[in-house]
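Structure in structure tokens, see below.
Note that the chains take the letters A, B, C and D in the order they are written out, and that residue 1 is the start of every chain.
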């Protein structure tokens, strides 16, 4: 248990988890299905995640499926103590809270590893690391990993033939790109921008640096709120896509000279540097939507400024001699720093995906090679089906003849008549 | 030369090619670059394509690059005789027109094969077939194939270890999906719908069956013209994407009962059948945007109807007893049957892609295994760069430090502070 | 009857009218209602309109309501002879076709005037002119006028206290602005552009001169088809609206220097002149969507060009020395010259509006002052209700308490708590 | 001065006003112009507004123009004390803060009236009321009124021939409808919805009751954030517009049965009542965007519920037996209760409009009749011009010949050739 002057209230935690469950209709469906079949009976699931209400909902779903669950925080500093207290009340769930220090964190991980989990839900491959170094990975049928960094680490392990169980890379699926990056980031970055500045998007000019899934989402939502959009992108194929999607595309310095707002979402360093600061218009607003706070060269900005001051929470103004520039959230990722991170519907899908993947591994994990696998299409399809059901949306299935037709070698039944040049697509 | 009472005018053909070249700024750039470096010097290129003005522009670009070009129609019935006449005037270009019969077509292909091309631009693997059966594929450094059917055939050959040169599958690249299917088909299908019916899209309800690249483009443009959109899709991931893109998603019979217009773009057979016809509203309009005319079960429609009559060109009304249903273009692909097929900008990019791929094969083909290869990213990037340049769009490049950062193992420089659960993306 | 070698076929005309009626569900509803109540019994309606299938549908609707109808073409050169022949078969309808000369036209108008219509549906005030000059306006209860020019003429007459019956200005209602100008023109102008050029709108830059209802519709649809939009507008309020609607706004010369396509829709003269031609990019396409062909100074363009030639139907290229400019339809209104004018749904609403107005005048005309009146809100509401019904859309009505609340002096029941500055709107 | 334990800091207030001024580029331009010409020299302006930083910026602009300004809060409970303290430091500005009681408020108003303002900027006609009842309206050249309620009151006074000075109704101009209602409310209502619920708009279904300027803005932005939209509207013309704008339109009960979110923006009472609550889906979210909290019948909701509880700030859940319904902000106007009200750009334009109107009245007020006047087009045009300038947007002016052409009787120079039926628009 977390310690402190005031004991965290498990009642508050139960309320928070209940509200999260209300907002997570897809996870609720997965939970129901797991419970119906006791599909996780006799499994012990080691879960290493941020301890939040949504994680609480996930952990409860696993326990309802018959599993014993050991939860260890992926970051001991971000534990929601009330949620931890509430989960401690639940049958089959143990929360392993160490002291909030590196040593305490390692001990908590070791405790979970020692219990011999059969399934692992991991974040940054932390639990995998301890399982492998402690030699306690034998019982593991399979694991999921939800971060890019964790996947890189596990792949490296697999290349050395040292990975001792199969892992599903749940961070990299079509659904995750759509929900997490495009839809979730798109909405929440604009939310963070509006909360901090109260800017009217209509009539403003927003430049987005980077046209990956995040940048696409941001540009799409900026446009949806009435802004004129500019995209800056170094990859020519993505740049062309941005242009064909209706955005203006230009070099970063040109964009800096025109934009009212500049948002970085590239994954690279120093995307906005001294040259850009010199080009910006008076009053331009800068925000970062990339994971790390390295995209805006804040040191160079501070150096260029004769003065800086915080004018509202998370809003800092830099005086550049005649012009002033506004930096939001110190260049940290704006949707987390200044808004509520992912919308509820995104968390729902991501965590439901974890639960579906865990159940799939319980059934199929023992047949898989010990490396990092992409999420099978069938899992994504299953998850999508549940998400549609949660929205009350029904769809058709292929008929038998259609299925035969689509898998036959020569799909031509009646051919179109002589077409113009471009007929054969 | 094509024969006939009135000799085709090469002047008209030259004009048509010149206009096509005006509309093809990307191909013009490729042509300029090929000419500068004589990058196709000493190459003999066998080209099997529909003989149109755009093909004329492509063939001229190849010849300007120093190649000897042998053009054979991929379909002897669709030859634009004036273009063929004009190309016959050009140095280094030979047009091999057989009689417009199967036998004549084979002879023309054989003639091209006999000349021993070093590069092949193919359509449906017809030239490849003849080269392989005639044993004249030795000189071929590499080829491109632009159709799905052709790729299937060549892959099958490669699996039997019988493919004698490497092939680039130019029909399946990100740019091609974007331009050809989403943008080109999207615009031209709506164009065909409007031309045949003069329907006001605003306030109408359009159901699109299939949410692949074509269906996406059609739904996007129907929405852009003011329609309310419904998507029917059997793949749950695509269905979910359609829903998150803002379309209504429902089973086909429900859609049929609500839509003013139904457009099929699935690739499957009998997508609209007797059940759907029974559900349709009075006056509903049916069109097919899939490649083959098998998606609407026109036989079942005819059977269900007590009467049918053509009320405008390409517009046929079926009397279903109290309700009447309108079928466009007899269920053939609407953008080709009732509009001008691909917009000029799409043809430009596709043919420029063929020329870039041919030049790349001239340089690298001999190093490749004899199988079907995806188009290397570098070619797509090069093509995108030319397309941006043609639009007057400039972009940045990564700096050295950015490149190092992005390729380093551990991209963390300064890490974000404790984030909520959803931080690690 | 029109004369000629081959007698026009009334069967073809009946088919054309039947098809028009299929496409005009709102007019069908009005017709049904007129017929039910014989609401035009004992009326004689003089109708001066272009003789087309849609006009045929309107005239039949009036006759079904019990009226005797005298139709005279508003332009003797644009008569669809088959439609005229078909209408001649109908009970209660007389088509007055003079010889297609000014004298013949006047005689036909005079014949209609002589018959003493009680209601007038007019186009350009032509019938009104003859009724007034012939002194045969006594029987007229009221009329409608559908053109701006006609309204100006009738207002001028009313100011001289010479107008002898009340007129409803049906060309100027919220619904007409929406349907006719924004929706109808928006779609059909883009249709004309695509038909003539086969241009891919996505990735192109379209400049629209004028941001009235037409310009708005054009910019909206260009954007909906994927183009980036620029608006040029001299009225600052409209220019600001365009900017807040997400379009780029700039002076015309700047727009000319950037646009791939320039479309005029201002109502003014010489909107594009020598300065703009000098600024245009190579290959730029010019089209006019304004009613008269005065917006593009084609004389100045011809003078600036060293050469000009027609490269496709309605597409003319001007050589400006190193650059060439493309003019569509000779600067005439593009949606009529190169497409099918108004979409069917627009014609439906406009002609249904004429019929509703005529019926309303039959009932209320005698109580109105002899001047030009705006269309009463009740007629527009009635028409909107029918249009919704035709689309299968139902709406609610205000409850009694809501009606009382909205008309009471002090609408405050429970007041909001202390709001920020902007609370009282 | 406001009283209290801790004296409000005028430094904080100066900072707040300075930040507001940064965000109000249009007002800054107006201020500069007023200062240049000392256009308010010898004027005494009575200002009755909420005392906020934005009001501070307005008042300072007036003083810079040479006026003596007397500011009285329109609501004594909503005074930002630091702003009041800062304004007290400024030359030519007096803040009249009474005790925060009805009596104190009346005394403060009376004090301002007693000073004999020559110009009045009013909010709810409060200052006008006191001026008229105290007989101190003689010196007033003119006033502005920014609320609908105030305009009703002043019109009523004018009808009794008792209004003693001309008033401009600044609440009712095209720009105000655009900025305040459509753009400002549109963005901020969605902002309030996201802040309270963290809902992912993409894939959700939002029903908007009312399609006035506010409802339009809300529906537009909901759509722009990826939601599917339903509009419920009792006015058939507006309902038809909503349909043609691409929204689904249906009766309220049908909408309630489908929507994930229902937002009222009608101005009427009991828009959502017991019937709707019975129809809502489990988990549906209700919010009001109308000015008064009468649109959702919260009493009926409470009565229908077996239980209710606050689950997050401003989020209350009602248990309806098997279903639960979420009410935001107790049915109070969501963008003020749960977000920051108008975006800064909206406040800028509204307050700049007040300043421009005041300056115009200083010059022209004495020539106006003593009634409520619409804002002259010239003021709106002027304001739009300043707003464009603030965004760096330039526009053209009509040429002399264009101006002549547009004002001439018969605008036909060269007429279009025989058009189809629909030519004369």
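By definition in this document, a contact is a pair of C-beta atoms (placed from the backbone, for glycine too) under 8 Å apart; a residue touches a chain by one contact, two chains touch by 3 or more.
None of the values given here were measured: they were computed from a predicted structure.
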Distance-maximising chain from chain C - centres being C-alpha averages: A
With respect to inter-chain C-beta contacts, which pair, B-D or B-C, contains the greater number? B-C
How far is the middle of chain A from the middle of chain B, if each middle is the mean of its Cα atoms, in Å? 35
Roughly how many whole angstrom separate the Cα centroids of chain B and chain C? 38
When the centre of a chain is set as the mean of its C-alpha atoms, what distance in Å lies between chain B and chain D? 52
Touching two or more other chains, which residues of chain D qualify? 183-184, 202-203, 223, 226, 243-244, 340, 346, 391
If we count contacts the way the header does, which residues on chain D are in touch with chain A in the complex? 15, 19, 22-23, 25, 183-184, 187, 191, 194-195, 197-204, 221, 223-226, 281, 283, 311-312, 324, 340, 343-346, 391-392
Residues of chain D that touch chain B when the two form their complex: 202-203, 223, 226-228, 243-248
So, in the complex, the side of chain C touching chain D is made of residues 49-50, 52, 54-55, 74-75, 77-78, 123-124, 146-149, 152, 171, 174-175, 178-181, 183-185, 232-237, 239-241, 243-244, 249-252, 254, 267-271, 291-294, 332-333, 336-337, 340-342, 346-347, 350, 377, 380-382, 384-385, 387-388, 391, 393-399, 401-402, 405-406, 409-425
